[in-house]
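Two complexes are shown next, each including subunit A; its partner changes from subunit B in the first to subunit C in the second.
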Partner chain A sequence: MQITALIILSGLTIGSIYAMMALGYYLVSSATGVINFAQGEFAMLAAVASAVLVGLGVWYPLAILGGIAATLAVSIVSFYGLIVPLRTRGASLDAMIVALLGLTIVLRYGTGLSLGRAERALPAPFDGDPLIVFEVPVQQTQITIIFVTLGLFLLTSAFIRGTWIGRSYQVAALNPIGAQICGVNLALVQVIAFGAGAIVAGIAGWLYAPLYAATYLIGGDLGLKGFLCLVVGGLSRPYGALAGGITIGLLETLSQFYVGSPYSEGVPLLMLIIVLMGRPGGLLGGGHRTG
Partner chain B sequence: VASWAAAIAQDETFGEMSDSVLQSGPKVSLSTTDSWSLPIFLLTTMSVIIPVVALLLFGNSYHVLVAMNLIATLLLTLSLNLVVGNLGLLSFAHAVFFGASAYVCAILSRYHGINPWLCLPAAMLVVAIMGFLLSAPLARLRGIFFAVASLAFASFFEIFIREATPLTQGGNGISGIPFLTFFGIELRGGPMLILHGIVLILVLILLVNINKSSFGRELSAVRDNESAASACGISVAKTRLLTFILSALIAAVAGWLFTFTHRVVVTEIMSLERSFFWFFTVLIGGPGSIIGVSLGTIILLLVPSFLNFATSQQVLLSGVLMLAVVLFAPKGISGITESLRNRFRNRT
Partner chain C sequence: MVCLRSLLKVSLAASAFLTVNLPTQAQDSVKIGITFDAAKQASFYSVQQKQALEMLAADVNAAGGVLGRPLELNFLDDENNPTIAAQRVEQLSNDQVAYIIEIGSSATGLLAQQKAQELGIPNGSPANQNARLTRPNLPSFYFRTGLLDVTMSEAAASYIGKHIPNAKVAIVKDPTPQGLMLGDAAERVLKNAGISVVAVEQVPTGAASATPQALRVMGSGANAVLMVAAALPEMVSYSKAHRQAGNKSPIFGFSATGVSEFITLAGGAADGVIITDIIDYDRPDVAALTKRLAERDPNLLRSPFGIVAYGYGQLVIDAIKRAGSTDRAKIREAMENTKDFPTLLGYEGTMITFSSSNHDGITRAGQIVLRVVKEGKFVTLR
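Our next item is the complex of A and B:
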């Protein structure tokens, strides 16, 4: 009983991280129609940059803010340097995908070469003694991750429904030309979307790194899992990402415990292939087909 | 607004019959394109034979090794080009075919005493089955979904190879693989390079002439416009499947050559880094163009080898070049050579 609770708890924790990654994808793709493959690398960049700053002795909150700010800067530079020129040229979707894959690799190995390939430790924000809830020890990190994730989802949902920019966001996704005719500044909305996606990915990277380590290689896995959650949850609404994240997180942890073998690493990958084959629009989403 | 309109207009190519479809109705053979063109044949064979002979005469063993590495990579990028350029599939699965072939060859020759020459058909059989199994379900996916699914498949296969220790020795890899022998002579160094050259020539002849067969014309029809192609009676699914398997088989040949050249097989040979590198090389060279992809491979492989780059630096270089190509030269190297050729023609 206690063990089951622990497994479910750690599944929820890792699932929350994946959900945040999926939320990042969702934020970018809903306004720009682009599935930003580099989201995983944005998470990695925030984690590694924060770890470097912490290593230099910068005050923890400042180091985290610095890491996320660096990620935001990189994302905006890549938006104006890559997405905007391709859009202006009217490049094909494949060209966009290839460009984002290129960005992924440049960010991954560029970070590896410039900031070093060593594994760095990034401390968790709250790392005290575990709280005992019904005889189950709950790590403070786990609580932090789950609550930050819930907060981010509530914030996103409030942002999209309640603010002018959020509503422009939805319109921009539905019909870019119509949105522009109605006075939506498409360029502004898209850059905000791209930046917001990078910030969310950065937060996910910051919270993920303490569970393992901050290295230049953590982005690939995060990016793939986030994409998986997005596909499972559907591209059409933000809470799909949350559902997808939790599902994948629980499945992964449960399979690690009950399958027990190192092959369990491959379970989410197999799921991704199966889900993609069966429902290209995601399990919860309708027939919304992008990409 | 204009850019969006252009993007939408680009999507709506439906109903536009491209030239190749019009020229290549099913089973209508056009004698001009069917004829065996001697100049192209000589050009392809000579462009392989001359460097190989020059290396045998003047090169040292390091040069020979680099050349063999180059040829194996060329086979891979050319096979990937078949899928990326003709089917428009952004595939990361070729590392799997290459790796599976290498492991089949290694296991059969090292532990079961099977003649290295017989490993080739065995590896090709295994890879063809894998290609069939993979392409059937994945045929439904396009664009980014195919890319991600093939990426996931490649990662899964790498995990499998790493963990199936009794079969593959896991992270230690398989060493002590025997040499290929030819009438009692062990093929190493120079003779192995000659074998690489022969294989490359055969593959190039196949690829250059595939566009001249009815299958090749069906393939380009499917590439340019699936709806129009199927309206002409071409089985789109069958054409795509055959292309995918053909491409996988070429990758298997590359894996066979690689195994008996290096005689060590480790999981790193199918790492994600290499997949990305091959993939970018094809796109930098210009998908669909044999010359462009070959030039791209030669540049991207030789420059880092002479600068003593580590693999990650090589991959980073390919990524940076990829971004440059996407931004400034969408057709890749083949586009650049084409525009140079046009400029030259206009001048004369």
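Our next item is the complex of A and C:
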């Protein structure tokens, strides 16, 4: 019982991180149609910058906000520096995606060069003794991650349904010209999408780093897993990201325990193939939207 | 006009002077080439070693240089790419270096070593661990003082054999090529020592939790765990999960966990971990060097990389002095004839000896330093 609970808890924790990463992708792609492969590096940047600030003695909440603000700034600069000029020149979505892939390399090694390559510790927001729930030791960090994830999804859902910018999101991606005719400020919606995606990735990076380490190399894996989770869960609605993240997180952890680690690394990819064969739109997806 | 003519004469004279004197000055220095990773995956330890070698060169030059000539270090970035590393060796060879020190990854070291062998340049590494590095060619031009997987495993096996009755060991590794290699070596050595290996677990790269691995280790009935990984955060994840699962069996770590970052990242989960390492930070000479290195870069405080690089550089300088020239063949011979060279590695009194059949400086479990983490600090076991 205790063993099963520990494995499920571990799967939910990892799955929550993946779900947040997937949500970041969703927020960008649902408004712009662009898959921003730099999301993983945004998470990394927030984690490393926060860890640097904490190391410099900055008050913890300010350090975290500083790290996320740095990520937000970089995402907005990259939007105006890469996406807007490419769009102005009539570049295809593929060209934008490739440009963002290039940005991942710049961000990864640029962070390594400027902020250092050492593995830094970033303390968790709540890191006291584990709470014992039905004889199962539960780390406070794990509870924080799961609750923050749920909160982010509820907030996103409310934002998309309850605000005019949120409602403009999908229209902007589906038919940019039509959206503009209807009075949607396309540039504003898209820059908000990039910013929101970066903030969510930054929060994921902040919560992931205490479990692992804050280092310039963490973005690649986080970015890839987040994207896979979104595709598995479905690109068309935010809860697809949650479904994908939790499914992959649980399957990964369960397979590591029951099958063994060397074989478990293929689980997300296997899951992706199975889901795409059966439901091309993902677990919660109605149909595949190309943007 | 007269002025212009005078200027021209002075310029020509200056050019002639420089043309005659600059190459002579360059020939006058004793050159050592260094391949290193400036920005990629191996850069973390590569750059730390680079800084230590720069400090060594400054120390050597302040004391009069080598063979009465200034010591010049020529650093080239191998970009953590084996092919580029081999090209850099060729470049350094053309630059007439007397010796090449490789402070990048073991993977780049392999091709760099082959190229250096082909060109007949004595070379080696302070930290590379891949067993293949010292095996392929004889007479080899390659010399190293890196802590070998086999030697670390033997030291751990010896301690476990003495202190844990009926030892049943679980090996925990990471999936990097280096991690897999270390895991294989550890399993082989433990089995040869008659110690039962009851589980071999792998913590995936980037794993934020190693709970499944920790629970499998518990389920295997292991009464000791050997963490052999090359990647630090994965071992931090394992240590935390081991404690969270309530496993009381001792954890042994290889040198990758012997850095201060392990304690910072793992926090309380690091307490009690016993580490097989190569540096005794309590040695007065090591403590003094650590202090100087940390003044240069705080990251070098309690980092083994600066010390191993400085120690290796001392060994090379000594060989060049004994060779009495910068002739590569003579330096290779002098390195091979190194006998009882007092080193910064190991417990006080540890010596490095090479021979025609052994180009590894650290080969015996007795040369390994054992340290334990107690209340967030490393304590050397005597």
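Everything below uses one rule, namely that the second predicted complex is superposed on the first by the 271 of 291 C-alpha atoms of A that agree within 3 Å, B and C clash if a C-alpha of one lies under 4 Å from a C-alpha of the other, contacts with A are read in each partner's own complex, and residues count from 1 in each chain.
The rule is simple: a contact is a pair of C-beta atoms (placed from the backbone, for glycine too) under 8 Å apart; a residue touches a chain by one contact, two chains touch by 3 or more.
Just so it is clear, the model here is predicted, and its values are computed rather than measured.
> Is A:102 contacted by the first partner subunit B, the second partner subunit C, both or neither?
After superposition on chain A, A:102 lies in contact with subunit B alone.
> Applying the touch criterion given at the start, work out whether A:265 contacts subunit B, subunit C, both or neither, answering first, second, both or neither.
Both partners, subunit B and subunit C.
> Looking at the overlay, what does A:6 touch: subunit B (first), subunit C (second), both, or neither?
second
> So in the superposed three-chain picture, is A:125 touching just subunit B, just subunit C, both, or none of them (first/second/both/neither)?
Neither subunit B nor subunit C is touched by A:125.
> Who does A:113 touch here: subunit B (first), subunit C (second), both, or neither?
both
> Taking the superposition as given, does A:177 touch the first partner, subunit B, the second, subunit C, both, or neither?
The first partner, subunit B, only.
> When both complexes are superposed, which of subunit B and subunit C contacts more residues belonging to subunit A?
B
> Under the contact definition given at the top, report the residues of subunit A touching subunit B in one complex and subunit C in the other.
The answer is residues 109, 112-113, 117, 261-262, 265 of subunit A.
> For the complex, give me every residue of subunit B touching subunit A.
These residues of subunit B touch subunit A: 1, 3-7, 10, 88, 90, 137-138, 140-145, 147-149, 151-153, 155-156, 159-160, 162-163, 272, 276, 279-280, 283, 312-313, 315-316, 318-320, 322-323, 326-327, 330.
> Given the complex with subunit B, which residues does subunit A contribute to the contact?
Listed in rising order, the residues are 35, 37, 82, 85-95, 97-99, 101-106, 109-110, 112-113, 117, 176-177, 180, 220, 224, 227-228, 231, 261-263, 265-266, 269-270, 272-273, 276-277, 280, 291.
> Quick check on the complex: what are the subunit A residues that touch subunit C?
3, 6-7, 9-10, 13-14, 17, 109, 112-113, 116-121, 127, 130, 137, 139, 208, 211-213, 215, 217-218, 221-222, 253-254, 256-257, 260-262, 264-265
> Of all residues in subunit C, which touch subunit A in the complex?
39-41, 43-44, 47, 175, 201-209, 211-213, 215-216, 219, 232-233, 236-237, 241, 244-246, 261, 264-265, 267, 299
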